[in-house]
Every structure is written in structure tokens, then in C-alpha cells.
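The block underneath contains the structure these notes are about, expressed in C-alpha cells.
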Amino acid sequence: MEEVKEAVIKFTKDRDWDQFHSPANLAKSIVIESGELLECFQWDDNFDKQKVCEELADVVNYAILLADKLNVKIEGIVMAKLKENSKKYPIDKSKGNSKKYTELQNEQQRNPLDQTKNLRRT
Amino acid sequence: MEEVKEAVIKFTKDRDWDQFHSPANLAKSIVIESGELLECFQWDDNFDKQKVCEELADVVNYAILLADKLNVKIEGIVMAKLKENSKKYPIDKSKGNSKKYTELQNEQQRNPLDQTKNLRRT
Amino acid sequence: MEEVKEAVIKFTKDRDWDQFHSPANLAKSIVIESGELLECFQWDDNFDKQKVCEELADVVNYAILLADKLNVKIEGIVMAKLKENSKKYPIDKSKGNSKKYTELQNEQQRNPLDQTKNLRRT
Amino acid sequence: MEEVKEAVIKFTKDRDWDQFHSPANLAKSIVIESGELLECFQWDDNFDKQKVCEELADVVNYAILLADKLNVKIEGIVMAKLKENSKKYPIDKSKGNSKKYTELQNEQQRNPLDQTKNLRRT
């Protein structure tokens, strides 16, 4: 990843584009590219893999630039978020269940003994 | 990155969430998380760095899962897109210029000798 | 608005596109078009008004179709949401303040007497 | 719609929020709310109609504010875009076909006599 990061940053530097890359503009760019990624799946689930890869690459490209701008390592923030999510989504409560952690909690509070309610999709 | 990728995939596997992770659903998830990232910059450019990192991590988390689902390496698709972009945005034409490549071409066609038109922001 | 709504629905019907317009696909389309709208403001706040109007029209077009699909009136759901928001954002607490209602509440709880904290931007 | 528009603008004015509502910020807000709308369909197509209506209302709310800020009528820009789209998507070529107009043109150029190619989904 380090090599890719350096290539992405060099590309920007060579074009003197750093002046446009405020954190806010990079966040906008990530959403814009995500929308183009979603367009590959707009009307059905058949997709052009090559096109999807290109749009996904655009998203990651701007994600790399934003992490760099914030002076954080992408690997580090993802690992930190996973740790956070492990608390929000304990395996026993979220297994096979796509509910949001806020809904998991609500259910737990409403009926702490009824485990079947958690299993919306099994 | 390999280690992060493995951790992300293990997290999903432990919760049996792979069943929800179709490419289309992962693409939706990337847009949804991008929107939350943008929310950090909704009304002004002051931002909570911790919050931005968490939302950015969510975007990258789903990007890793989508790349894995497509059986491609994130590093590979970003490098391939950079190569593509190098052709669309040659340094001499795009330096200090945030125009889209389609606009660069149009300008070039309208007036191939007038280089100053390309320099919108200098 | 009734006339516009009928024109939008007729356009779809004439092309036999209703088959693609599940609520989920319309929601995706709204995000995709919103991303194109945001692209008008990607690097700076200068914008092409004509282009912005076209992208905004695309967003509203799909919003009309989604409301129709859900069998609700756009005017009705906006008025209902305004009423809801009036409770979340009472004038005295939110005046000149762009904070989210969840933050307004937190502040209130942390220090109910300190009104100045609410005025982030004055 | 006129009544709704006035209610939306009054809500903003009462809270002195106009200062935050630059066209760029409203465009961001439309994307952010669209992302929340899409979240209703993140993992499957079952949805909470009440929640969908609320998120759709948020999108339309900001769309009304943006149109007002640009000094255009929502009805007018949607009708203008429909007219534009009628040219891009002539009924005979796009009937029962979800392809983008750029793809329709390509097909037409590759094989103008082969009408069956246009009918991807029938």
C-alpha cells in the first residue's frame, strides 16, 4: 500500500493539484465517485466488472489522499474502526443479522431474553 | 494492507455477514458511508478529525470488501487507474488546472494554440 | 406540481420503464443524480447554473417517481417533516446555529444554563 | 407546491439558517440526505415506508431551498429536463430498455438495423 500511496501523491504533486485537495473537497470527491460506482448497479445487479473496478479505484484514490491530508494511516484507522465495531456488534448478537447496532440495543432492551428477534434473516 | 484486509474479512465471516455483501449492496454501503463522511463538512470546513477518520474508515472497509468480492487487489486497481489517468491528464495540460479531461479536450479542439485557457486557476 | 408529476409519470410509462423503478432503484437513482449535482461544486463554489438546474431536475424527477411509487404526496411528506423538525429544532435553541438536534440536546444536558454554547457561528 | 415552498423558506428564515445555505452546502445536503434515504434499502428491498418518506422529504426540502436560492422554479426545471430527455430517449429506441442514451447511440452506430440489441430486458 505504501507504494500505491506514494504513486497517488506523486500524481497529484506532478499536476500541482494539491491546492484543490482540501479535506472537504476530497470528501466531496469520495461521494461523487461513489455515486459513479453505484451507477454500475443502478437498474439491476448485473455489472461490468472492469467499470466497477475503475470507479472503486477512484474512491480509494481519494480516500488515500484524504488520509494523507489528515496525516493518518489508512491501515491504522480501519483497524481502529474494526475494534470499535467489535464492541458495537458482538458476534453472538449480530451473527447472521444485518441490523444496525442501535436497533440491536433497542431489541435487547425491549426483550432481553428473546434471541429469535435478532435473527431477521435466517 | 494484507493484514488489514484479512482482519476486515474475518470480522465479516465471524458474523456470517457475507450473505448480505453482494457487490451491489457493498456499492450502496460505500455511498452511504461517503454521505456520512461528507456530513462532517456539511455547513463549513471545520471538522472533527476523529469523526472524519471513523467515517473514512467505514468507506475503506467496504471498499476492501468489494475488491475482495470482485477478486481484485485494491493496490492493483488503483495503480491501473493512475496509469489510465496519466493519459487523460497529461502533466503539461492539467498542471494547476482542475478541469475534467473532457473539458480539457474540448478546449484543445476549440483553440489548440491557446494554452492560457487551460490555466483556469493560476 | 400535479401537472409536472403527470408529465414525469407519462414519460416513464411511454418508455415502459416502470419495470425498472422499484423503490430501491429509485433511491439509488436519487443518490446517483445527487452525486452529479455535487460534482458541479467539486473543486470550488463557482458553478454553472444551467448544469446545476439540470442535475437538480434529475434529483426531483426521481423523487417524484419514488413518492408516486410509495403512494404519497410530495407536498404532504415535506409538510409532515417540517412539523417534525419544528420539534427537533425549536426556534430559540437553533437560531443562527447549524448544529444537529442530537448535539443541541447533548449541550443542553451538559450545561443547561450556558446558552452561549449553542451559538457556534455568530 | 407554492405553499410548501413558502413553509420551507419560512422555517429556514425563522432559524436564521439562510447564512449556511450556499448553493454548494445545499448540494452537499441533498447528497447527505439521499445517502440516508438509500440506507433504508442497504441490505435488502424490504423497507420502512415511514422512514423512507421522512428521508425523501429531507431530500425534497433541500431541493426546494436550492431551487429558491438559484431563483428558478422547480416545476420549470423538471419540465425543461423532461423535454431534453425526450430527445435523448426517443420512445421507439428506449422502450423497455434501461440503457443510458450514450449507450443507445453507440449501439445505433455499430448496427443501425439491429433493433433487437436495444431490447436488453424484454
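Some observations on this one:
Letters A, B, C and D mark the chains as written, and numbering starts fresh at 1 in each.
One rule holds for everything that comes next: a contact is a pair of C-beta atoms (placed from the backbone, for glycine too) under 8 Å apart; a residue touches a chain by one contact, two chains touch by 3 or more.
Here the structure is a predicted model, which is why all the values come from computation and not from measurement.
Between B-C and B-D, more C-beta contact pairs are found at B-D. The two sequence copies subunit C and subunit D touch through a face in which the numbers common to both exceed half of the numbers used overall. Work out the mean CA point of subunit C and of subunit D, and you get 10 Å between them. Between subunit B and subunit D the centroid-to-centroid distance comes to 23 Å (mean Cα coordinates, whole Å).
Annotation for subunit B: residues 20, 28, 31, 34-35, 38, 41-44, 98 touch two or more other chains. By the touch criterion stated above, subunit B contacts subunit A in their complex at residues 1, 3-4, 7-8, 11, 14-17, 19-20, 22-24, 27-28, 30-31, 34-35, 37-38, 40-41, 45, 47, 49, 52-54, 56-61, 63-64, 66-67, 70, 72, 74-75, 77-82, 84-86, 89, 91, 94-98, 121.
Those residues of subunit C lying in contact with subunit A across their complex are 20, 25, 28-29, 31-32, 34-36, 38-39, 41-44.
Touching subunit A in their complex are the following residues of subunit D: 28, 31, 35, 42-44, 98.
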